[in-house]
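The following pair of complexes shares a single chain, chain A, combined with chain B in the former and chain C in the latter.
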Partner chain A sequence: MPFKRYVEIGRVALVNYGKEYGRLVVIVDVIDQNRALVDAPDMVRGQMNFKRLSLTDIRIDIPRVPKKKTLIAAMEAADVKNKWENSSWGRKLIVQKRRASLNDFDKFKVMLAKIKRGGAIRQELAKLKKETAV
Partner chain B sequence: MAPTKKERTASRNPSLVRGIGKFSRSKMYHKRGIWAIKAKHGGSFPHHEPKPASAPTAAVKPPKFYPADDVKTPIPNRRKPKPTKLRASITPGTVLILLAGRFMGKRVVFLKQLPSGLLLVTGPFKINGVPLRRVNQAYVIATSTKVDISGVNVDKFDDKYFTKEKKKTTKKGEGEFFETDKEETKALPQEKKDDQKAVDSQLIKAIEAVEDLKVYLGARFSLRSGMKPHELKF
Partner chain C sequence: MGNFRFHQYQVVGRALPTATDEHPKIYRMKLWATNEVRAKSKFWYFLRKLKKVKKSNGQVLAINEIFERKPTKIKNYGIWLRYQSRTGYHNMYKEYRDTTLNGSVEQMYNEMASRHRVRCHCIQIIKTATIPSKLCKRESTKQFHDSKIKFPLVFKKVRPPTRKLKTTYKASRPNLFK
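Let's turn to the complex of A and B:
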């Protein structure tokens, strides 16, 4: 099983530990065996240990350590934001965030909706069962 | 008469060091204008005769008993207790979750804070069986759901409304001592039932305007597997 996601300049990664937890960053340079220089449009460029990064499938075309303007332009050109939000990983995170932000009344409404949906599914299933059983 | 002068609030003699003023006695004499007052009154400071001492209003008799040692008079307590500080998340109309007591887990509407600091709360009674009731802020979770409470008048409710009536202690004879005391089931006075209905009628209208809110208030809250209270958003 070969590796598919490589650490390279332009690789988009998700920070999975620390102050910037949950942020999408771009690897902009490799410092040494353990650390990378990492940058994002609304963040000060800084170093991060690879252990704090989870690599994604997305990769953009940038020179080594680009200026902020170039970085932002490259991210727009590659459409990183939309690619991320449409990927299954990105969608999962969005759903998790939404669920965590529900207040008690919202959770109650979700429960009612789930029950309603389950009821409708069971009704259809019963109908289908009756048809096939005959 | 000259227009009333503003009362002077600061001393005319600023202090340089504690106990030492900036100006000498003669300078202060001049600053206070004693020379001008004397000049106005023909050379001497105006002197008024002392008012005749009024007869003592009541002759105080010397006390019959003096305690052997000096009795210390306690310092008068001028402290007026304030009602407990209300959490910012609790405003009139907030849905609260009761955490203890007979109605634990019930979702309830907050009406107002009483002068004792307790929260006045109602089910509404028709929806979940919680009557107009007092509840302590500490035993309550405030949700972010609010109900429109503008049509409700809660001015008449205060702590005296909720105090228990004192039972009249009847002296029991020996024979009656062994008889089981028939507990008169205290029926709620009709007045309180009417109060409940009056408050709830407006509330229920506001609640039914929001979808699912009535069912929400009728259900109890409980923790399920996997729910972490410190991570839940209410």
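Let's turn to the complex of A and C:
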């Protein structure tokens, strides 16, 4: 199985360790075997080790080390934010964040909703069982 | 970017003015040290070897730290050094690709320690320069001079996002592909 996600200029990656955890960044240049120059619309361009990055499927079209304005324009053109939030990986992260930020009342509401859903499933199951048994 | 062990200082000094020499020549050195005190000490060490002046009959006129002008631009650095091995002194030229000069000097010290077992006090930096891509000599830096560089991350180690979540044993074998 060949590799599908390459480190290349314009590859969007997720930071998975350290202070910038959870941020989407774009690889704008490669310093050497272990480090990349990385940029995002709301952070100062800096270097990051590949060990801290998880590559995504998204790739945008930028020249090597673009200006901030070019980068933001390219990100808008490729619609990185929407693509990320609609991808299954992005959606999972959003759900995780939502679940982590629930307060006690929200958790109570979730519990009630789960009970209700379980009740509805069991009712349907009982109905189907009766039909097949008869 | 961030904390460097070695800072670059500019030290300016001269011999003290005496009756015979009212205006002694002023000398300036750029050197790397972990702090300002060490930088001044290194300054006198090198100056003693070049001119007939010691700390006791000289004065430091200025010491400033030099910071990187463009820390977001990737540059190729060439470092000429003189180091002491177990059998004698040797000169060396090394190339590094980094965003800051301090970063590449730190890379150099680490590499000398690992490849040649040379500790940092046995290394003297003769000269450093930013090298344009055409003049780089080492293949390992030249291989990154590709505007369409592309390579996969072959060995993807699974890491917990914080050290607090680290465990010695895992329930299942981690998948290292991608």
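One rule holds for everything that comes next: the second predicted complex is superposed on the first by the 134 of 134 C-alpha atoms of A that agree within 3 Å, B and C clash if a C-alpha of one lies under 4 Å from a C-alpha of the other, contacts with A are read in each partner's own complex, and residues count from 1 in each chain.
Following the convention adopted for this analysis, a residue touches a chain if its C-beta (ideal position, glycine included) is under 8 Å from a C-beta of that chain, and two chains touch if they have at least 3 such contacts.
Quick caveat, the model's predicted, so the values are computed rather than measured.
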Fit-or-clash call for chain B and chain C when the two complexes are aligned on chain A: fit
Contacts of A:121 with chain B and chain C, given as first, second, both or neither: neither
Angle at chain A between chain B and chain C, C-alpha centres, nearest 10 degrees: 90
Which of chain B and chain C A:110 touches, first, second, both or neither: neither
Which of chain B and chain C A:73 touches, first, second, both or neither: neither
Partner, of chain C and chain B, that touches more residues belonging to chain A: C
Touched partner set for A:101, first chain B, second chain C, both or neither: first
Superposed arrangement (fit on chain A Cα atoms) - minimum chain B/chain C Cα distance in Å: 12
Common interface residues of chain A - those touching chain B in one complex and chain C in the other: none
Chain C residues touching chain A - in the complex, by the definition given at the top: 1, 72-74, 97-99, 141, 144, 147-154, 157, 159, 161-162, 177-178
Chain A - residues contacting chain B, complex: 100-105, 108-109, 112
Sites on chain A touched by chain C in the complex: 1, 3-9, 16-17, 21, 29-32, 37, 44-47, 50-51, 55, 64-65
Chain B to chain A touching residues, read off their complex: 95, 97, 107, 143-145, 212-213, 215-216, 219, 221, 231-234
